[in-house]
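Down below are the structures I want you to see.
Shared between the two complexes below is subunit A, which has subunit B as its partner in the first and subunit C in the second.
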Partner chain A sequence: MLRYLRLVGIQVRASLLLAMQYRVEFVVQGFAGLFWSAATFVPLFVVFGKRPSVAGWSFGQALLVLAFFLLLRSLLDGAVNPSLVQVVEHIRQGTLDFVLMKPADAQFLVSTAKFDPSALSGTFGAFGLFGWAFWKTHHAPSPGGVVIALLLLAAAVALLYSIWILVVSSAFYVVRVDNLSYLFTSIFDAARWPASVFRGILHFVFTFVIPLALMTTYPAEALLSRFTWSDAAASIGGALAFAAVARLTWRGALAKYTSASS
Partner chain B sequence: MRRLLAIYPTLLRVGFASALAYRAELLVWMLTTNLPLINLALWSAVAREAPVHGYGTPEFVAYYLSTQVVRLVTSAWVVWEMTTDVRQGVMAMRLLRPVHPLLDYSAENLAAVPLRAMLALPIAVILVVLESAHLSHDPFTWACVPLLIAGGWAMTFLVMSIVGTLAFFVESAGSVFELWLGLYAVFSGYMVPLAFFPHWLRVVADVLPFRLLLGVQVQAMLGQLSHADIARAFALQALWIAGLFVAVRLLWNAGVRRYAAYGG
Partner chain C sequence: MVHVRELSKVYRVHQRPPGLVPAFKSIFHRAYRNVPAVQSLSFDIGPGERVGFLGPNGAGKTTTLKMLAGLLHPTSGSALVNGFVPRERSVGLLKSITLVMGQKQQLLWDLPPAETFALNRAIYEVPPAQFQDTVRELSELLELGELVNQPTRQLSLGERMKCELAAALLHRPKVLFLDEPTIGLDVAMQLTVREFVRRYNERYGATVLLTSHYMEDVRALCPRVVVIDKGRLLFDGAIEELVKSVKPNKRIVLKLSRPVDGADAARFGEVMEHEPSRIELDVRPDQLQAAVAGALASLPIADLVVEDPPLEDALRELFRRSRTDGADSR
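And then the complex of A and B:
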């Protein structure tokens, strides 16, 4: 266990060193990312310029959802997607062999292969949004609410990671999926608005199939003390089940792997 | 010029064949364009309670589906291609060819448009079937829409080429384009109908070029533009295209001079 922690440290350090080589690029990238996010949040500001509440959410409450969205989005861009692109490349070129030969869990190695520290700017943006949201709602979260929200956030990260593993596993079968990560990112874009905005089939899909509601809306509701322990337990249970399925799928896919070269 | 006319159709054919070969990838790329639909969900939730500025749910559906269609057929990807080509040294090979690299890129990008249009067709059909009442009924306007889209595509391509050419000078050309995209999202009407902005912001949007890339096409489709508006849009597009063309030539010539191929 300690060995794995050290391995993460080494991989993070390598990514940091790489990023620091291109300092200007690093700063510009961070800003450009934040700028784009801000531009895509404009509809929310326009909507709440016209109405005090939308689908049962006030402006401050919707900001909370947005903050969780930005937080998870920067995690996705900073820690998940860069590695994903690399695994797909490994599978296509057959260089996954080298990863498999290393004396550590292959899933662990490919998951931590690369980080993009410039996505951190999104995290700062998210904390800014949290502050703004609480200032707007005049509502300090209860300690219990914070605990539930943090648990749900952990579940959200587990879910994101599991979906990512499922996407990677599909690369073993169809190979050309280097833009599937972009597809997933764009689907995740739907998590920026409170889930009650969506109706009908989309609401069902975003709750149970691709549980976007669990990732941003539920933690926000927990901070607003609108979420109970039993709901949280069900959500976390669902996330754990998702993770188990992902791990099994990864092992099944890996068993099928026949190197591309030679 | 004669030589150009002889080569270009061949380049287009090659481009079309490669777009066809990577059709699955192209489809996934197009599926990643879904922000209009996400915004539509938000505005529908608002319109369920009461219309905004005369926009009820059907108007929003018409607006965002039109936005989606225009966005899908006017996009290009030359900026990403150019930045990678410069970084990986592939540009050196392109420069050796007897065709100007930008011409080559334009053929590649243009050749994908018919396929993109075909993949966008289902959305257009849904739009017409559901909301024909909220679309323009003027034949002249509809005759102008493809031309406005062509102008929007040309502007997009030229801007992308300019930013791509910046890769000769700086490493972060890709990020520069992201800044452009952010402004585009707000001021073209891609995120929110421009009519919803306060007056001063609408004036700003009128001066900026972004509206000519997507907003005017959508407004024309929805029958919100008079013939005079359309004529003005054409004139502005022509001016911008001429200016951008000159800019890309100058920048390109300066950039190539200082380009030292990496790798190679």
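And then the complex of A and C:
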């Protein structure tokens, strides 16, 4: 365990060195991240400009969902996406060989290969949003609600990561997955809205198939004291099941790996 | 150290005729063909041996190396490397082997090689003192100097390969799989890499399995060669034996003080090369003495050398025979 923590440390260090090597890009990316955070409000303003609530959510409450969305989006762009995009390239060029030759868990190595510190700037925006949302709703979260929300957030990160592993695993079979990753980021965009906005089939899909509801809506509801411990347990169980499926799929995909010719 | 028994690998390859219509059809229906890359291959390599692994492009060399390194799962047959089954990719195996590929690199592109070294140190759990020792030794053998502190992308191909070798050997592996480690390098750098592999082998008693298209690498490094074509074993033994069994004739290299007619030289043996000041003749061993005496007596010779035919010729002949045999048996 300690060894893996040390490995993460070294990989983060390498990413920081890299980021600082290209200083201009680092600064530009940081600003782009902040700009993007600001831009996420626009649809919310448009929708709430005409009506006081949408699908039972007030503006302030919807801000909480958006804050979780922004937080996850930053984590996705900063900590998950850069490494896993690299895997696809590794598979295409056959350099995954070097990763598989290492005496450490391959999924761990590829998942922590690269971080993008500039993309993490969005997390500041997210914390600002939390403050604004509580001010708007005149509601301070209960300690229990905060604990549940944090647990759900951890489950959401696990879920997001698992979905990415599933996407990457498909690269072993189809080699090019650029479209799949675009598709996923586009679908993930829907997580900025409270889940009850979606009806019918979309509601089912976003709750059970690609559980966007668990990622942003449920943690927000926990902060609003509308989520119980048993609901939280079920969500965490769901996230763990997703993680197990992702792990099995990854292992199956590795066995399928054909490497690229010399 | 390396035991290979009846090892086979069959690839399933997607087939598609050229053109837009077949491309469109292949979206809905894909045709596959089984391509045998390695077929019933068996050989053993002892500890500390340096073995050349030869064959034309597509012979199955890289596939075999990757099966031995645990990267590819064999379709059938078995392999044992340093007592481990490669496909299980156990920590014990991975810590005792390394794979260097001349056409691919593991160094972090934008950062100095020293960063890759640090990462590998942590992954392989090399104790700090041993790490310092190894880096010092490898730096000395490869003359790395300040190269390790420059971003990889600013290094030349040869400098990069030297750092690649160092990164691949930091954990002091006992088995080295080297796949074209000198490809694209200039003659001086090829020599450096070659010399380094030999010294590493001697210092650590490591087993080396090397593929290369440069026969000079193989001749200089490997007393023994394993030759395959179309995934099948063609030869396994000493280089001299290979040359002797495939090309038993001797080669007489004549340096001439003035040009002579090819027909004049042909009286003493088969003319293999003919330049104004140089002729190479192939002669059966039992006729060697007479041919040398005759040539000395009647040709304007400045220098005369008798040698075995080049390894390249022997290999060419071996592959030609294997292909004709293959065609006959079909």
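The rule is simple: the second predicted complex is superposed on the first by the 258 of 262 C-alpha atoms of A that agree within 3 Å, B and C clash if a C-alpha of one lies under 4 Å from a C-alpha of the other, contacts with A are read in each partner's own complex, and residues count from 1 in each chain.
Simple rule for what comes next: a residue touches a chain if its C-beta (ideal position, glycine included) is under 8 Å from a C-beta of that chain, and two chains touch if they have at least 3 such contacts.
Keep in mind it's a predicted model, so treat the numbers as computed, not measured.
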item: Partner chain(s) touched by A:Y218 [first = subunit B, second = subunit C, both, neither]; value: neither
item: A:F172 touches, of subunit B and subunit C: first, second, both or neither?; value: neither
item: First (subunit B), second (subunit C), both or neither touched by A:V47; value: first
item: Contacts of A:D97 with subunit B and subunit C, given as first, second, both or neither; value: second
item: Which superposed partner A:F68 touches (first subunit B, second subunit C, both, neither); value: neither
item: Subunit B versus subunit C as contact partner of A:W36, first or second or both or neither; value: first
item: Partner chain(s) touched by A:F130 [first = subunit B, second = subunit C, both, neither]; value: neither
item: Of subunit C and subunit B, partner touching more subunit A residues; value: B
item: Which superposed partner A:Y257 touches (first subunit B, second subunit C, both, neither); value: second
item: Footprint overlap on subunit A, where subunit B in one structure and subunit C in the other make contact; value: 22
item: Subunit A residues touching subunit B - in the complex, by the definition given at the top; value: 22, 24-25, 28-29, 31-33, 35-36, 38-40, 42-44, 46-47, 50-51, 54-55, 176, 179-180, 182-183, 185-187, 189-190, 192-193, 196-199, 202
item: Residues of subunit B defined as touching subunit A within the complex; value: 24-25, 28-29, 31-35, 38-39, 41-46, 49, 52, 170-172, 175-176, 178-179, 181-183, 185-186, 191-192, 196-197
item: Complex contacts: residues of subunit A adjacent to subunit C; value: 3, 6-7, 10-11, 14, 17-18, 21-22, 93-95, 97-98, 100-104, 109, 255, 257-259, 261-262
item: Residue ranges of subunit C touching subunit A (in the complex, touch as defined); value: 11, 62, 66, 69-73, 89, 91, 94-95, 97-99, 101, 103-106, 108, 110-111, 115, 118-120, 122-125, 151, 179-180
